[in-house]
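The two complexes that follow have chain A in common; it is paired with chain B in the first and with chain C in the second.
On to the complex of A and B.
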């Protein structure tokens, strides 16, 4: 009897223990009203709004979750926010018009795309100084880095190329032509492939990291939508490398792609002009920013169903989730 | 039917009826309605085809026009198909309620009604049993519709399918009672077309079944007011919220109140001493 009681207690207690409300803070940059909205991922409610510099777009968080980096594009700087106080504690010399960036896996270097100057700037985060300026194609935007930190990929919107950069020499080693207006680059967790979205081309090119050539091209088709409304932007791949999520801009949908067969499995309806995506650290939720409807949508990755949309600031652009 | 028209039970025996007898009577009416429904396969198919046409064709066309808006109980953006589904459940209940009113008129014309109404059981019990039988049949139709809609990608939380049951029941009772009340006013079977034009369509279109009320308000404030006065709006909203495990209290109150009023009205209308039926009979019609 006692054993049964123990079992019963364990069955009741285990789920409770297994689901301590892992509230991760979600940070959303709002391009139009110059703020960052902080949302609790467990309650899915807005906790705080932080005033930042002009036109915040790219947003990322340090690997220890203590510092938040925000591209204040029109202030030509990257602002640093202390996540414990939610206050701006400093800035990084990003060069003009920073749009998107990526933090190296060791957390020491930040690679910033300078849209107006056709440059990628490498910044030493600790020293707050520029290590290198790498000339790339016209209007650089998408930034991806391999899990080993050795290769960085930048996409240039007008040149329509993915530039592979060796992070030790800061030089371009390969250029791969992709479809029109590439917006985003994302490495697979095993580093074997880079996925590059093309906004005007309406495709996602899968580039083999060894061969440095496009091996697959993913296209999207949504019943009742004109093809020009389908504009892939943000891409995220699950930690096991099996599934990818692609934000489709004015199509108001996030595509779920099987990352092994490259087939689109599902389209998830979210808000208007979906732009960027971010996973929660447990991988159970992916969050999309919906620019024109001023909200973010939480999507359950187990069922691939939208759970809730939460209103944030005006024109939400980027999103990142604290790792702890 | 033999159970409830047993000539051996004189009106004097009424007081001695126990719960069992009442249940036997209810079963009799339910079985009759069920058999009648099963024997009319076309009715089953047509009751399914109607909402499915709306879902497959009408909703598909409006998908882009009315794609996005977050209103309670929805937590995020839904496709128009998802929005329209509770309205289509309401449509099934509405048509079914009116159809059972048709069957009342048919019964009256064929003389079956007399057999039912001369039963020693209280009039209100007979009418409510008839109503319950009609609602049971329409709820089966709703679930059959939702089953097909599931494969069309219209999915609600699984628990929602159970939670809508009381909402469907209440809404079904309200619309069935309305049908019953109306049936007392119709002189002949042919007049059912009038019911279609003057009751079913206005009730269906001037409600939240097809468009969210805020959108109706944008288009026409007057229409918005009409929608708010339409009990069908509240039936649809009750079902819509129930799908997501929520109770819309205003809708619940309105639906309960109208159910009570319509049932009371139907009982009075079918009361031979003062009802509308007797007046019609005096006029030489039945």
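On to the complex of A and C.
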């Protein structure tokens, strides 16, 4: 209901006022130059650059699109940016060295991976206080949450596990071993599976959320590239659960995977060191951050062809898109 | 706070014996590492498999020209301890714990008796930071007792060539790997004319041999070599600087045209004096200046800042190459125990020797073993005293199997025959 109203408002407001607050703004964290680049998804042009704290990496947006959360890793804080003014309006007590996080489906809790302390910190967003600290494996990184918000998955890079955490008790219920250096955890929209990428192992493990065991392992082969150059990081799955996109790091490509057969269907050449991915709300476009070429690439999900690359700041890391 | 609360609940709900067992469990897996929260999630009923990892070290204080280059007392062992902690963090989810049995002998001692004591204590996975000669004196005893050795200290190529053993893994790089890593960069820079200055001790000569081999291999020319004889002078004196300032230019006078000065002085007799003091202004590389190594205290790439922070927090100093070599060996063992769900030496060995074995070691790509001599393939970092300059293999040095095999003695040239 509210979404329809928003959509309506957007269609009316856009052509008349060209009010940027209503466009799908793309926010890119630039790890090296301590900025967030704002890109308009329609024009694919940079709108603004926001100065943030040291070493911004994980980035996400509130479900109403009003607040942007950025992990300022070296400042040991999560910064809050008001998307209407693009100004930093506050911070959250993230614990040391926050790298990646995930917002609960109800928007109330932010779960943060603290790489240096082997902890996941749960933060009450409204109260800006820590609700729980959950000890996990060595170098926690990837953070995924089930669509019903009941299960959170954290991956630890040196322990090589996906830790399943019950969000009501904040306790680990299952530990699933995956391949070397797991970087990212992504639930399927129906909550049936969690996909975990392993950067050094070069694979994506598909974990059955009921059995809590690896049921498929997706591998990648690209002609002319050695296996050690293929390093899966960011993973996104389409809203209908049929297709997945996997960023392959120094392989400079995004893999398109059939999420029903687990077959790799295509490799899309984007830019150097592809790190994270984000869909636009209509699902028609997926955007990759290409760290070493300092740009992002817009990919058309109908054709799986790159449309345009846009130069952003130095070492673009994470990306998130404002909701409608 | 949370621990007390949990303890109280436990006490009110379970018989005393269970409380005792629970407490014992906590003790066993290092209570300081284990906040109460997930101790209660991990039911104390799970049996804990303890894996002992030995660390045999022959030690004497090292001399260095700069006090900054004197190795810290716990070099290497500190890296092993950080990896033990990492393994225990993983192990607490699986009912596995790891302990380090560090044993030290004199630098030139006969290590056989102390090694036998380690075997008697039950150590079957043993890291060694001893000389090549000492390692060869225990390798076969280890084999007879089903023990696996991990050489974390010796860079001698002989241990991977004529003296290779099927039960000895090497996480330390070889001198030829180090020299090749450096040579690739110098050649990439088009600095192809080298002068080689080398010391008079055996290890300096071995380093010089590796440099000569690398020059031939990558198309550089050593235009002249000079030997610096160690006459037993004190490494550091109050007034030595003035003399050195005059000695080094003279030592490097009248050399043919050259692009770079390569120094081979592992013994730290003159090498650190060479930079900024050569007759003609030239960059210096080798054991001084731009130094090839398996790790660098300033390496932060590829997630490196995480291990550096962890190491710094645990030890109060930066991580050195030998620390990383020991960390990697203990992590390899941790990974093998995790994946094989036990610590049976033959299963651990089979796991590590499998074709698809690899480990993440903050080097930007997986590192694997060369199956013909059990040397760890790894990138070589090039750095000066405070920063990383580059990482080899350099772009363009191609190989039919792995670019990492452009570093060091490759399979077709090896003299190693494993049995």
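Heads up, the rule we're going with is that the second predicted complex is superposed on the first by the 301 of 324 C-alpha atoms of A that agree within 3 Å, B and C clash if a C-alpha of one lies under 4 Å from a C-alpha of the other, contacts with A are read in each partner's own complex, and residues count from 1 in each chain.
Please note the rule applied: a contact is a pair of C-beta atoms (placed from the backbone, for glycine too) under 8 Å apart; a residue touches a chain by one contact, two chains touch by 3 or more.
The shown structure was predicted, so the numbers you read here are calculated from the model rather than taken from an experiment.
With chain A as the common reference, the superposed partners chain B and chain C fit together side by side. Of the two partner chains, neither chain B nor chain C is touched by A:287.
In the superposed model, A:297 makes contact with chain B only, not with chain C.
Between chain B and chain C, the partner in contact with more residues of chain A is C. With both structures placed on the common chain, the touch criterion links A:135 to chain C but leaves chain B unconnected.
Touch criterion met: A:309 reaches chain B, while chain C stays clear of it.
Of the two partner chains placed by the overlay, neither chain B nor chain C lies in contact with A:50. Of the two partner chains, chain B is the only one that A:269 touches; chain C does not reach it. With chain A used as the common frame, chain B approaches chain C to a shortest CA-CA distance of 10 Å. Within chain A, not a single residue is touched by chain B in the first complex and by chain C in the second.
Chain A makes touch with chain B in their complex at residues 224-225, 252, 269-272, 293, 295, 297-298, 306-309.
Touching chain C in their complex are the following residues of chain A: 97, 115-116, 118, 132-135, 137-139, 156-161, 163, 170-173, 175, 177, 180-181, 199-202, 226, 228-229, 231, 250.
Note for the complex: chain B touches chain A at residues 60, 63-64, 67-68, 70, 75-79. Residue ranges of chain C in contact with chain A, taken from their complex: 34-35, 37-38, 40-42, 86, 89-90, 93-94, 303, 306, 309-310, 313, 331, 335, 338-339, 358-360, 364-366, 402-403.
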